Amino acid sequence: MKSQIEDILKRVHSGVLRPHEAMKLLQDYPYQDLDFAKIDHHRELRKGFPEVIYGLGKTDDQIIKIARAIVNKGSSLLVTRIEAGTYAKLRKAVPGTQYNKSGKIAFLKKRPAAPGQGKIFILTAGTSDMPVAEESFVTAEMLGNDVERAYDVGVAGLHRILGEYDRVKDARVIITCAGMEGALPSVVAGLFSVPVIAVPTSVGYGASFKGVAALLAMLNSCPGGVGVVNIDNGFGAAYLASLINHL
Amino acid sequence: MKSQIEDILKRVHSGVLRPHEAMKLLQDYPYQDLDFAKIDHHRELRKGFPEVIYGLGKTDDQIIKIARAIVNKGSSLLVTRIEAGTYAKLRKAVPGTQYNKSGKIAFLKKRPAAPGQGKIFILTAGTSDMPVAEESFVTAEMLGNDVERAYDVGVAGLHRILGEYDRVKDARVIITCAGMEGALPSVVAGLFSVPVIAVPTSVGYGASFKGVAALLAMLNSCPGGVGVVNIDNGFGAAYLASLINHL
Amino acid sequence: MKSQIEDILKRVHSGVLRPHEAMKLLQDYPYQDLDFAKIDHHRELRKGFPEVIYGLGKTDDQIIKIARAIVNKGSSLLVTRIEAGTYAKLRKAVPGTQYNKSGKIAFLKKRPAAPGQGKIFILTAGTSDMPVAEESFVTAEMLGNDVERAYDVGVAGLHRILGEYDRVKDARVIITCAGMEGALPSVVAGLFSVPVIAVPTSVGYGASFKGVAALLAMLNSCPGGVGVVNIDNGFGAAYLASLINHL
Amino acid sequence: MKSQIEDILKRVHSGVLRPHEAMKLLQDYPYQDLDFAKIDHHRELRKGFPEVIYGLGKTDDQIIKIARAIVNKGSSLLVTRIEAGTYAKLRKAVPGTQYNKSGKIAFLKKRPAAPGQGKIFILTAGTSDMPVAEESFVTAEMLGNDVERAYDVGVAGLHRILGEYDRVKDARVIITCAGMEGALPSVVAGLFSVPVIAVPTSVGYGASFKGVAALLAMLNSCPGGVGVVNIDNGFGAAYLASLINHL
Amino acid sequence: MKSQIEDILKRVHSGVLRPHEAMKLLQDYPYQDLDFAKIDHHRELRKGFPEVIYGLGKTDDQIIKIARAIVNKGSSLLVTRIEAGTYAKLRKAVPGTQYNKSGKIAFLKKRPAAPGQGKIFILTAGTSDMPVAEESFVTAEMLGNDVERAYDVGVAGLHRILGEYDRVKDARVIITCAGMEGALPSVVAGLFSVPVIAVPTSVGYGASFKGVAALLAMLNSCPGGVGVVNIDNGFGAAYLASLINHL
Amino acid sequence: MKSQIEDILKRVHSGVLRPHEAMKLLQDYPYQDLDFAKIDHHRELRKGFPEVIYGLGKTDDQIIKIARAIVNKGSSLLVTRIEAGTYAKLRKAVPGTQYNKSGKIAFLKKRPAAPGQGKIFILTAGTSDMPVAEESFVTAEMLGNDVERAYDVGVAGLHRILGEYDRVKDARVIITCAGMEGALPSVVAGLFSVPVIAVPTSVGYGASFKGVAALLAMLNSCPGGVGVVNIDNGFGAAYLASLINHL
Amino acid sequence: MKSQIEDILKRVHSGVLRPHEAMKLLQDYPYQDLDFAKIDHHRELRKGFPEVIYGLGKTDDQIIKIARAIVNKGSSLLVTRIEAGTYAKLRKAVPGTQYNKSGKIAFLKKRPAAPGQGKIFILTAGTSDMPVAEESFVTAEMLGNDVERAYDVGVAGLHRILGEYDRVKDARVIITCAGMEGALPSVVAGLFSVPVIAVPTSVGYGASFKGVAALLAMLNSCPGGVGVVNIDNGFGAAYLASLINHL
Amino acid sequence: MKSQIEDILKRVHSGVLRPHEAMKLLQDYPYQDLDFAKIDHHRELRKGFPEVIYGLGKTDDQIIKIARAIVNKGSSLLVTRIEAGTYAKLRKAVPGTQYNKSGKIAFLKKRPAAPGQGKIFILTAGTSDMPVAEESFVTAEMLGNDVERAYDVGVAGLHRILGEYDRVKDARVIITCAGMEGALPSVVAGLFSVPVIAVPTSVGYGASFKGVAALLAMLNSCPGGVGVVNIDNGFGAAYLASLINHL
């Protein structure tokens, strides 16, 4: 943002811009105001990927309007937490949009994202963690990464994660999705020497408290190298992993 | 209340009223008893606005009976947390009643409220916080205030709140609605020198715990000048803002 | 902050200032960097009162260095959450500094603060809430307000708060400090028509959970007009009350 | 229970009963085993009222079987937490059974319960607390008590509870139902000198945490004389009140 | 309180009192204002026992001042949560004051309290619950009750509570103090037909969460007839038990 | 697992196996990879029972595919937390599969499990705990144990558990399922000298917090010999009991 | 307990005992009443080991009196949670008593306990879990078991637990003590086929919440065969393990 | 670890190693067993840095023994959470060891760590967050990174973080330490496009719940790119940042 301020300052100094015009620029430039939402089209330049629509709590109508505004700028589209019914409407409004049913995530690739440096590997402790992992998968792919997956490799049967050792050891970042006791990131961070993004999932019942048990376990992970994101936040994990993979 | 006691005491002293009549007065005067509800018609005199109906947990029938009793006294009507279905019935019972669908709030202006001293500004961090903000908006307007809004100006993109600086800086009170990390009031209270009412919203998932994360953040807001209300309590924020704006 | 940006932009435009000098100004101007702390001397202009030192978690040495830097600019000094031992050292370093033992707050008035519009009234439910109330009292006085107090007027004996009715009814803002069930703000907001700042205190035991019971009660306060601050945050309550009282 | 042991011991001593028969008696006597439930028919003798059916978590079929077993012994029937649909089936199986829709409680008086010593008074803070209060009301009446009610007398408008002073002051026990900040029992216990049973209700939203705020407030009630029951436990409050009223 | 209002109204009506004098009376009469505390001397008439001093959070000086004010009126003295060191000072200021070391409660009987109707029985689950039980014991005796005790009768060895059956069965009210799993009130309320006051204690470690486990267990007590007070609130339990015992 | 490593090492040493073949074996042997799930067919050898399908969070299609893979190996089938609708589909895919409606558990015995040493006894506090107990019952039977049940023997009526004394006293392990105050395991562990597996159930309302109250009570159980499993985890309790019963 | 009832009933029937004498016996027999404690000397017969003294919350004097009463009966002594200072006094009162400083547990073997069937193995995740493990160790040894230990074998370095495979695989029961993420029991229960007792420890900081993170992880342990005890409850784990080992 | 297995397998195949010798190797090789601790000397090869000693919960004697064992292998030493008193002893045992008093971390550089790719920047919201930041600083430096710091740049005064823009924008990873409302990472992740490691600190009071408020805020951080570690876990943040910086 500051570089913009500097640019504007320079233009003011050179006489191209008057102060009050500069003020306007600073305020009006960076986003498109839809009244209920301010779309940050500038973000693609700044961050390498356009704004992502977080679907939860938005009406169908709002999602579609924001999606159109993004696609109209020629940007790629990513909508997380979107139900199948809303997707059906969205597909009509923005033809070509695809949908990952398990991950409840809609996407449309318009411009190829900058490619990552290495491979992101997504692991789940169980089959039930799959929806979160799929949200991560679609997100990471859309952000330009090479992604691999191995599901149902929880610590109750160590041979499963050991059996994936060869594939995982070449990853540049590992995403681990686990509910219940959330022990997978601890074991994975002990086995491998790359950053591990831990995603607690709401899989479990009773004293799992919808992912709290896994969240706490991950925050207390004994081996170093584990960064935690919110419960079920497959998107956030992939976004962080992609940032690391693009360094 | 005490001034009433004093009035009554004076009338007793002057012989106009007997003691046991005075007791009756003290007990019976201030509200109309509908058995399941005691309507405080006296409130408009005391507080400047008639009793507001909190819709949650009341049956349709109860809401309509209370609404009628209020309107029959010539008072304005405000019903919060009312579903569209209930509103449809209410509109038939009390013609002219309007409805803000996003804010789930019904209203009917009968008497103009006393005008506020300045402007109340309502900010939201995201689009999903809109229902809470709309409850604030309708309430504040009904209470006689001049109200402005800017939605989706969360701290993830500082340029958005900076872009609204000019409009906001003239406000007498600011209401900020934010879920997730609830950081907006901290940034706003740092930028402006007026009271900031912080409304945590239940927007978010996982470790947002339905607004608890935002609530705690707001209670721990580092800059001074922030008063917090209950999660999703758009009405309460507007009521407090209006009190301040009418000083 | 924006007005500063505008000023700087104007000076750039008029040729007085070069862009890179402007960038420096924007960055260096507003605070004095002590390495472990950045003191916002500009704050007094912007907010009407210099930066307040929050003593908790700071070493004696840090507190004294910041205090000296503030006083050296001719500003008034306010240090909250400071133990008697630290105060003893501070008084030597900054002669004239006074101390409110109950409120654990040190202060030195250098410049008179702008006077408030009306009276701030501080109420406590019990005697044990006094330390929090005294922090409020000293803060509010230092911020230029006319302050009155009535302690031990909790709802278990309604006659006590009713007995203070006359004194309280003229206040422009009311601060209520209560632990345990935290019911005082609900009753006070029902009796009076001015903004009520509710401060939950950590007074109580067992299921008071160090003020959580009172905090929740206050957030759920039924009558409108209540803004809540953090547990034991007497300073924050006074700061907000003062903002309102200076409108 | 011990008196039974003593009786049995005496009969063994007198030769009427053999030891192994005594063992059987001790085990088999007190309840009727329906496999999924053990009905304590003996309870009416011991406690003055037959076993009450807690409907939650029981299938319709189980409720009806237990109800029939109770009524077949000539005992009165009380079923709490029973949905309207289940009641419809129950009424067919056990004709004459009545239903309080608000309190979701079914009942059939077969034998008059022993009358209480005085009056039980039920107060609610708001209209929304009515379902809990009605559960209390039906229970207390079925247990033989003289019961009065005053609803919507919360502390936000003190004149409402003061207005009921005369009716309430003759009660032997008071039941107070309140959600949100749960302040009613504190004020009531300050005004009256009889035992106050406090029932937190799940009325409220956000930081009321489904009655936790009210529960904590009530447990921390400052004035003495308040006993608390579980959230929404209208039945339990009435049962305890009735025990006290029958002393 | 209302009877006072009525009296005052009558005196006003009869000309003995002028309105503004009546207002003064209503405000000044009921308590003695020590600035940091308002002592309710009138309470003894209204409630049958003078105000009790809750020691926690009060300075030694404050406790002594309030104690003197109470004793000077000829009232009995009860100070809860008072450390041995403070008691030593209090005994000098108010000679004759006694101290129960385990219950940390000081007392001085000046006037005999009205005698209760029956016996209050205090049970503890373990030896470690004794301090809470002793607070109950001293309080109940001071309030005029006949009190008996049986300690260490927890449910892990049922024969212990059964062994006290004969003594307990004649009680009019039972107080049960238990930490850890807090199961004693459930078993006791199943065995006896009188009101059971349940006091969760902070005895335990780990997942007892300083009494929360016991508190929750007691609130969920299956048999009817259990009223719960705050964790470690031996005083409150005795106060409620005494109210019931004086009916 | 280590014995497998040793075997493989021996075969490598004897020349039967090459190193890289050994690596493959270690990785590929123990499970069948269905992409979304890794089925541990080896488990039956290692643990005495094939993998159990935890139904929650799996799609119908996933459950059926895993079930087929298990049955195709000639192993017995156990599916927990499976809704009636899913079972209907499963029965078509895997004929002969049975269903316990209360326990929501599907099963098909293919190979007899190794018989346990003694009897497992399952107790519930109330009728509403039955679904959890039935999950335990089916699981324990499928794992080769002799199982007995007694339901509705909670501590509110001690005669009920005492009445089952003779049947229970011969058990080798006892499973106790209880919600609400969760006191049953404490009483049972005091009466009997065998391991007690405590299963908190989500039965209750309000401050039971969906089984948390019972969970905490059980973790704080005073008498020794109690091991706790997750809330509503009837399967886990039976699995642990079976392990003990097979020693 | 029931067998005693039966014996007493038989003696009554045969004329040896009169009913009221029988009642006395039932009440007085099983424990020695020290007023503040009821010592269950009968327990050694019933349970195979005398009553254990839980030191927390008992005064030094109480501990010594109970210890003497136990030793005077010729029973072995075990005192948990006893500080070094108290032990010093106890050793004088009961010569020969030993002390495990890390586990804070005092013991004196008077009578050899019945030997267990196999080996109990105690594992800890880290060095800091040692105090809890030592409490388990002393307890298990005193209860007659053959016990082995391996400390600091947490899942962050899988080779450590794999390195102990040979020693652990012969155990009949395994106790695992772990704080932080508490993942050790999940991995251990996946590797071995015997019952695993999981002890969460309060080792950790921040979001470990004094053992809550580990507790939740253990309750959600994915592989079957894990029973959980209270946080830091080394004694309870050993007691349960010993019960299983003596089957 | 697997590469070691493969090596060992190859040596077995070539006849250099016998199977039982191989088993020994697999078990004994990787760590040095000090009985109370297993030191992973192999870690430096595998992870690039020797084992770090977590000081909390270890006795002085244990810390010194482990430190000696590490230094004796020629490895660098890092001891976190070590009090000044313990450090004084450690310095005598391991001369040359240094100490960062604020960060409570001891260190001795023996071998230079591999240098990172870029710069790690550490930001704190306030002065009180300094101890956590210093733990991060020493750790990151010891792990071979170029580290810069800017303290007291919280969001209450945006100009402070904006003033550091130029220095921060070149960082490869940013560590943000913040207590109270924990809003700093959200603003930082919005301004910069590199991974942000968020460390909640226990700075604050009341409803900060020792860092929980900040932790929740950070987990709910709206802008992507934030990974969270445990409360006050400066070490973990630096370790993860270093892993990323060494990619």
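Per-chain numbering from 1; labels A, B, C, D, E, F, G and H assigned in written order.
Just so it is clear, contacts are C-beta pairs under 8 Å (C-beta built on N, C-alpha and C of every residue); 3 or more make two chains touch, one makes a residue touch a chain.
Predicted model only: the values in this text are computed from it and were never measured.
Copies subunit C and subunit D of the same chain sequence form an interface built mainly from equivalent positions, shared numbers / all numbers used being over half. Repeating the B-H interface with over half of its contact pairs identical by residue number, the matching pair from B-C, C-D or D-F is C-D.
The chain with its C-alpha centre at the largest distance from the centre of subunit G is B. Centre to centre, using the average C-alpha position, subunit D and subunit E are separated by 26 Å. Computed centre separation for the pair subunit E/subunit H is 52 angstrom, with centres defined by C-alpha atoms. With centres defined as mean CA coordinates, subunit H is found 40 Å away from subunit F.
Residue numbers of subunit F whose C-beta contacts span two or more other chains: 1-2, 26, 126, 157-158, 162, 165-166, 191, 206-208, 212, 215, 219-220, 230-231. Against subunit D, in their complex, subunit B makes its touches with residues 1, 26-31, 35-38, 40, 43, 54, 56-58, 62, 66, 81, 200, 202, 210-212, 215, 230-233.
The residues of subunit A lying in touch with subunit G in their complex are 125-126, 154-158, 179-183, 186-187, 189-191, 204, 206-209, 212-214, 216-223. Residues 1-2, 46-48, 52, 117-118, 162, 165-166, 169, 172, 191, 193-195, 197, 215, 219-220, 224-231, 235-236, 239-240, 243-244, 247 of subunit C are the ones that touch subunit B when the two sit in their complex.
By the touch rule above, subunit D contacts subunit G in their complex via residues 2, 5-6, 8-10, 12-13, 15, 18-19, 22-23, 26.
Interface residues of subunit E facing subunit G in the complex, by the touch rule stated above, are 126-130, 151-153, 157-160, 162-166, 203, 205-208.
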